[in-house]
Structure formats: structure tokens, C-alpha cells
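These notes concern the structure reproduced below.
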């Protein structure tokens, strides 16, 4: 199945990079709905630091694509004001590690205003953030950030594990009537995969995707870990272990049902996460299965980051971010 | 800009009296145990809200704060919905979800009143952008306190508002204090400069107005509104005013120098407007009449049912 | 044991309110170390919105107790600069819900600078925040916030479950050479309990406290939930169920060992938390026990907040925050 | 303030040449695959760092940013430790933990250089407070870019710095761009006003200086330092400069108008200082000599061992 994410596309699909899938999602969403507009640093005239907005300023103009000052909290708050008054803004946070500068707007304002108003208002804002390690960027520019908002109920949270995921999740987020944070992974930007575009290709909110069907072990992963889990699955297939890989896709709503169904079938569960375990979605899934008394043949295993900060030094970064080999080893351990 | 008619001025006077009575009532029912949580009252600050909101069109959006009772009432919120909200009832303006600090009516253009200092300033800027991008004759009116001028959101929002010519008007209700700290102890400014001076950092228009004088406030807001709608950018207005009560329910205001409150009360906004429009003799009559409305609304509100958890669940997410 | 937190003190102890314990901790820490200083809104001349600094400005002067502007991110960053240069600042965040405005300083700067410097610098900053519901303050002033920093490795996190805890944890945090966030609970401020003060009464970093020993069920709780769990335990004692209540006290380091030891003994685990389950410390504990294959007689149960935001309306707030009765019911359910 | 001696000026020239050569070397070894991650280079900005740091005492603290190579070298960081850090080696100034964006030496008073825009401004303010509270003849020198002047941390910190008379000097290296956006497109200011004008919002002293002229920069920083130490408050200095390279390694700088780079290169800081001190004829000789130092240091650095995960673990928490 790693072929699925890398090589020739099935009928009707084009093969594009993950970052191009993001760009196409933005383009198609803007074409489909003229209330959609983009705000972010260097995204207009220069096409974005990760080239995820190339051409959109020329195509849609200065009233729909804004180069902002470096003021993340401010422009996410501005997005809220736009959303309350009928627009559908998408803000770009260049690196997940810059999300904390905008926490008040994203975690405390966006998800709570509708509720406090007793349902009078709504806030269809999409916040995009690129995160993740592997680029040797060091401690303040390598976090995925994916679980940072889990405790802030009221936000939906999506994580893109493939070009199709990046496209479908982003389009779903933009069309959604509530605030959504969509994470992508920097190290996947140039990775190619098949993509089918279209207004009917929005991901279903809160639905995990089975990236590879398998009978023996369930591996649940997000972002780059989806790819690494698929790699591990390929390697394990030759050892006779048939791995099911679930691209969790949404952290809220968290699709515990799909995971539980799969784990009930395979009897074995491995979490692959590019984050610390405590406070993350992986721990939440394991805890929910445990409290639901989900029957497993062996205890679940989490492949997470060790509790150290990320250095830009390559051997250290490589040792911290779960590799396909570490995931495979975890799978083997639950099969023993 | 045409000057407000005598009838309009008269209606402002009534609104200000109404706000004063309603706030006193909030205090009264608080003491009776009918108000959960705390309240931030605004007695003394009526002119800033009434004058400013008097300059708005029905389409304009309002961004308020936890100290927002006067804005809601000046904008014409239903009195029963107002009291019911503060009492946490299902019949409240926000179905009892918001409470005293979040009492808004979106059908009147009130789009939020966050408890977090400064959080509304970018939001108003965004609403003003919607107006600009759609080319509408409409603004976002943003109220906040003197204390909010020191938080990062103020700076970020004002910069973008000016850069993008957002159709927004910023109004600082400078009531002299944050919670218990005089604003000059927390706000670095050139000697004797008003807070509004900070707008000059962004090349933004700014002005200071006597916040006890509704007509004066109306004038500067009307002017700022016209400028914003014309695409000439926002204005930062500082209305100098005073809150008669402490910061919140538990604050006796012990940090105030002796005599300060009394000096401000001599410049009471209701008295000033009444005098300016030659209606000083009518205030008592107005008060009596409105007192009945207030009492009745509060009584009806107190009958309102509590919301349920299932209702609340539905307010989190839109469909 | 609820007597322990309410009535007469054992020998040597005074009986004080929880907020007075906080004030005494600050006072004693300032007396013990002249590099300790306080920053926060309205804490100097006015003694603090929760009266946790009454008298300290008069006693220690304007150079050690600062009334700040409303600029949480700024003054937490200032605290970092003070700490890097030899002082030990304590910042007060009035309500936990204001923490997001200061997330960059607290979550991204404080815990990472030492690491990025390769251990050249250190950042002994204590951030205090008062959180929690029950005051009918509504959605933006009722969060405990306790698990919001779990994913930000590099911060230590403490939660005070009693006056003695408030004192010991705060003093330990101030004396600690790394950044610590200390949470207290607003609804406990006026609650009284015994307190023994002194420079030898610092809590041990990362050590949970057994608030009540018991043989049948382990209940792990934080903040107000400690008190409610003790209440539940009293009620259950009359039903013949002997509950052990653990005041978790630190969320990082998270004392999984103490919990595991207790749960191994009782065979039953209940988490009582005034927060959503996903992304919280409760899920982390359950997940760590599950992955460690800790043997339990019955599946663990989490008593958490339902996934709704907090309204100021009393019946709703009461229905959301776990009550002693809900905790007792959960305990009964694992005993059936 | 006494003017710097000829010997001192001569040492500045050498430092500037060294920085230029070191930056070119960083680019070279980057191309050889020896530098993990990205780098933010500062060719063209040498005078601002050398002039400013030349005005400091050995006790002063420095707060830099991810674009901080010139500050580190101007402050006298060991060349091998510099290169080794950028290569991620255990022999690096930060044991390989920080990399290009966090290359500091605390023994030289460098206390941080965060990747997060604006994050250092409050931190420097805090360090300046330590100096003030202890009554020390010492300041915190805070470097940041034009883009940082729009984020909330700038506003919050400047307000408190002025309010509390922190012993800090703020220096904006205005290199005309954020990443790819000209500063006037993101920074609202009165027409033609410099960014330093923003200090007036806080009643703070401010000044603009030719950032290509090390002697001019030195003069204003020395003056600001004296003022800060005297308890008369911080100064916001804007040094107008230019980065010859793109924002980071992958940026070709396509957004620059044609001719702009060349125009700035005519005001190259090395050439300007050399001319001012009558040493233009010596630059080639200096360059040749320092090139050897740079090459040797980089070679030695490349031999450095990698750090281990166990070492890294120890850097998270102090005992």
C-alpha cells in the first residue's frame, strides 16, 4: 500500500505533491465559494513560504489573499470577526510552533463565542498549520502541535496523512460551520500521491480512514506516521504479519469507533505518534478503549517521542521521531 | 452629519436613565441571590455607550466586553432578555449561556463581548474588514477599557486595521482603572498624553472626548464612522469616564483617593445631558416610569426556566 | 478524612484557608530568598484579586512586588529574562483562562531556552494560575487549565489539592531550578485545612500524595476533585467500600508509579477530573497503566466533564463539574 | 562617551570582515551538506551588530534572534564553537542543541535567540529589570527585526520597559523585509515615519541611524546605554540596513525590485568603515588572513562528534 501514496494514480486521479494538494484545496474552495479568503504571512505576493498559495493572489486578488504582519493572534482574531459577519477565512500559521502566539484567538475565542451567545453566532474559521520534524529545524520549529488543542473543546482538529487527506480535510474544514484547525506535516510537502479533486471530495468530519486493511494488528497513526506505518506494514507483510493502518485524520471528533472496531478484529493495537505520549490523542484513544473494556489480546503499545526536546542535530532528531523500524518493532512486540 | 434632533436627544436621556436603573437593579437582585457569578457594572459610564451607539446605523456591528450591560441596553436589547441572561435563564438573550459578561443580541448586530481583555479588538477589526470587502455602508464599533490598551491584541489589531483600512471605530472607555490599578500605573505614555495618543504609532486618527457628555461622544463617533466608511481608516477614540462602582461585585473600590468618586459624580452623565437638552426637570418622572419597566422585566425574568444540558450541548457547534 | 481538610489541626499545624496558604508560601519564599519577586495584575498595592498577596507589597516593597499591565505574555517573558539573569520571579495569571494569552512565553519559551542553549542557561520561573469552576463565571473564566501544558515538555506542572499542598507545591516550585506552572482552584480559596509551614515543608517534585489510604478502590484526583473524592470516600465508607484517594499533585512529572502501586493493591481505578477526558492527565494515567499491562480487576473509569462548554447557569455548571455523588457512583460501578 | 580609538575601530573592521567571511563559509558548507536545517544569513547587516556590541560592556546581556550569527561573532564567540553549533556537533557553543538559529554563548552574556518572532523582547526587558533592581551598571541589549515590531510581544514589552525604566536598549535591524514582504506592507506608520516612531506611543526615547555605518550605530547605542543605566529608560533604535541574501537558505529573494540589492551594496558596511578609518587599502589583507582562520575553524568543527540522546536529555532540566 505504500505504492498508493507514491506511484501511479488510480483512474481519474492525478499524482500531486502533498503541498500541491493543499494549494489545490484552497484554490477549489475559493472557486466554489467567494466568501473564502486567505490570511497569512508572505502568502499573497510571494505565494507562501511553503508554496501552498502560489498563484492564488494573482487569481483571486488582493481582497481575497492577504499578506499579514507577523501577528498570528491578531489575524486569527480578525478571521473570527470576518467569520461572525459572513465570510469563511482560512489563516495560515507558518509553523505549528507559532501557534502558541495565537492561542488566545484559536483556543479561547474561536471555539467559545458561539456557545456563549447561546447559538446566535457561528465561527467558520479554518486555521492551517504546518508542523513536524525531520527538517533539522530545532526545538522551536519542529513540533507537529497536533494534540495541543485537544483540551480546548469546541475546536475540530484534522491531521493530513496523504495528499488526498490534505485536500479532503482542508476542503471539509473550510466548508464546515465551526472552527477547525488543520495540521499538515512539513516533511511530507514534497511527497507525491494520487489526488481526486472536486466538490464531492470533502472528507467526512470525524471519520478516520483505513489507509491499509489488515487482519493481525491495528496501527493508528497521524501525519508522517501514517506513511511510516505503511512502510512498516510493507516490511512486516514479508514476515507474515498483516497490518491494518488507520490514518486517524481527525483528533476531534476522535473516531474511537473505527479504531475500536479494528482493534476488536485484530486484537492488537499500536499507536504511532510524532509527539509525547502524555496529553496526546494516542493516550486518549488507549484510555477510551481501556475504559470501554475493549478486549485486546495483548496490551496496547504506543510508539511516541521520548521525553526530550528536539535538537536540530540530525542523529538526535532521527532518534526521536518514530521510524518505520520502531513502529515495526512495536508491531512485532504485540504479535509475540 | 446632522445634529441629533431633540426627540433623539430625549431618547438618549431615557436610555441613560434606563441603564442606570437597570444596573442598580442588577445589584439589587444580585443581593437577593438571583444573579449567579459576578457582575461588572457601569454606573457613570452611560454616556459613552449611548452617545456612541447613537451614532451607529442599524446594520453596524458591535463588539463589547464583560462590562457590557450599557452597550446591550443602549443598543435596545429587550429588558427581560437582559435580566434573564444575567440570571442564567433559558429566556435570556444568550439562552443563559453567557451571563452578565456575555449578554449580546446578534439580531441587533452585537457579535460578541469576550471576558478576555483585548480579545474583541481583532474581532471587530475583522468585522470591519467584511464591511470594507463588501463595500457596505457599515462599520464595526469596538468598545474596550483603558486596561486593554496594554495587551498585545490591541497592538496587532490596530496595526492591521490601519494597514487595511478596516471599517472599524475603536472606543476606549477610560474609566481610570484596570481592576484596582490606576491606568497611568500600567500605561506608559508621554507626560500628560492621553491613551488615544497610542494611535499615532500606526498613523491612525485619534481623539479624546469627554465621556460624560453623550452629545460630545456622539459627535466624534459619527465623524469617525463617516471616515471609516469613506475608506479613510479607523479612529481610536478615548472617552474619559468613571465607574461609580468597584470593578466587580466584590470590590469596594478602596484604592480610590478620597473625594475622587464625588468629583466625578458632579459630572454625572445623566445630569449633563438633561441640562444640555433642558430636561433636568423631567428626570425624576422618567426614572419613575422606567423603574416600573425595569422592575417588571426583572420579575418576569426571574420566572424564566433554567436551560438544560441538552440545550447547552447544541450551542457548542453549528450544524 | 474530610475532617483532615476542614477541622482542627494536628500538632504544630495552624488551620488556614487555601488562599492564605498560597499567601504564606509566597511570604515565606520571599523571606527565605531575596531573589524571589512577584509580578501580576493588581497584586501589589491592592493585595491581589484573590487576596493571595495581601501585605506583601508593604513588607517587601515596590522592587519585589509588581503591579503589571494586562499583558500576560509580556510579563511572563519578562520573568524569563529575570530568571536567566539570576532572579526567581513568580507570575500570577489571575484566571487559568487567561493563560492562552501568554502561551508563547509559558509553553514555547520558558521550557525550551535552556535546552536550546545546551544547558548553559536556566529558567527558574513559577507561573501561578487560579482556575476551576463552581463560581458561575461562565465559559471564559471557569477552566482549571491543568492539562493544557501536558504536551509542552519542559514545564513542570503542579496542582494544589489542599492548603498544605498549595503551600508545599508553591514553595517547591519557587525553589526549583526549572519553570513550573502551579494551579490552584478558585472554589477552594476559602476552604480551610491544617498547614505546617517552614523551609522544610517543600513538596517533593513529582510525588503524588495519598490523601486517604484505602484498600478497595484507588481514586486519583486533582484540585477540587480531591476534596470531592474524599467526600465520596466518606460516604462510601459507610457502605463498606474503603477508598484510597490520591492527590496527584504533579502532572509533570506524573507520578504513575504511585498510582500503579495503589491500583495494583486495590485492583480498581477511578479518575476524578474537572476537565475533558481527551488530552488530559487522566487519560495519560489510564493509557500508561494500559500499556504497562497493569492488572486491574475491572476496567478503569474516568469521571470527567461532559463535552460541553461551561455555562454560568448554575444547574448546568453543577451538572458538568463532577460531584462527590458522581465520583461515588463511579466507585460503586467498579466494585460491582 | 569617548569616541572609539583607532585600534578599536580597526578591530571592528576586522570583526565585520570576519562576519562576512564566516557567513559566506556557512553558505559554502551548507552546500556541502554539512549544515542541517536552514540558515538565516546576515551579509550586509554587519555594521549594526558590530557597532552596537562595540558600545557594550562585558557584563551586558544580549538577546538575539534566529538571524544571530553576526551578534555571536561580534560578541567574540569562538569560531570553532560557532561552526560546530551550526553543524549540530557536541563541540558547538550550545552542544549542538540550538543550531544556526540558536547559537549563543552565555559566558559572553548572550542569554537567548529564540526562533519565535518577538519572543526575545520581553525577555530582554526582564534582564534589564534585573540590572535595575540590583543597581548594576549593566544593560540588556535586544536585537530584533522590522517584522517583529508588529507582534503583541513588542507592544507589551516596550510598555513595561518604559513604565519600569528597565535597563534595556532595543535595536531594530530594519533590513527592509520580513520574510518576503517589504516592511511598509505590514507596518502601519504615519507617512514616511520610521518604525522607531512607534516608541513615542510609550513616551520612549527613539532614534534612527544609518545601519551601514558602524560608528554611527555605536554612537547612538552608547548614548542609549548611558541613558538606560542612568535610570532614564530604554531607547528604541532603528538601524536601517539590508540583507544581501534571501530570508533563508531556500529564498532567492525574487520579491526585490531590480537594482535594490546593488544600490545597497554600494553602501556596504565594510567599505564604509574602512573608508572612515582610512583602512580601505588593508581590507584585502585582513580578508586573506581571516579567511584562513575561518577555514580552519570550519574544518575543525566538521571533525566534532555528534551529541548523544543521553546528553540531550540532560539539557532539558537543570538540577
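So that you can tell them apart, the chains are marked A, B, C and D in the order they are listed, and the count of residues begins at 1 in each.
Convention: contacts are C-beta pairs under 8 Å (C-beta built on N, C-alpha and C of every residue); 3 or more make two chains touch, one makes a residue touch a chain.
What you are looking at is a predicted structure, and each value in this text was computed from that prediction instead of being measured.
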From chain A, the most remote chain by mean C-alpha position: B
Chain A-chain B separation of Cα centroids, rounded to whole Å: 40
Chain B and chain D, separation of their C-alpha mean positions in angstrom: 45
Centroid spacing, where centroids are CA-atom means, of chain A and chain D in whole angstrom: 36
Per-residue overlap in chain A, given as positions that touch at least 2 other chains: 68-69, 71, 73-74, 97, 100-101, 104, 108, 115-116, 138-140, 153-154, 307-309, 311
Shared interface positions of chain B, touching two or more other chains: 96-98, 102, 114, 116, 150-153, 155-156, 159-160, 163, 185-187, 312, 315-316
Chain-level touch network, classified as line, ring, star, complete or other: complete
Parts of chain B lying in touch with chain D, wherever the complex brings them together: 150-156, 158-160, 162-163, 185-191, 193, 197-198, 200-204
Chain A to chain B touching residues, read off their complex: 37, 63, 66, 68-69, 71, 73-87, 89, 104-105, 108-109, 113-122, 124, 153-154, 177-178
Interfacial residue positions of chain C with respect to chain A in the complex: 73, 97, 100-101, 103-104, 107-108, 111-112, 115-116, 138-140, 147-148, 150-154, 252, 254, 275-284, 286-293, 299-302, 307-309, 311
Of chain C, residues touching chain B in the complex: 41-42, 45-46, 49, 67-74, 97-98, 100-101, 135-141, 306-309, 311-317, 319-320
Contact set on chain B toward chain C in their complex: 36-38, 88-89, 96-102, 114-118, 147-148, 150-153, 178-181, 185-187, 254-255, 306-309, 312-313, 315-316
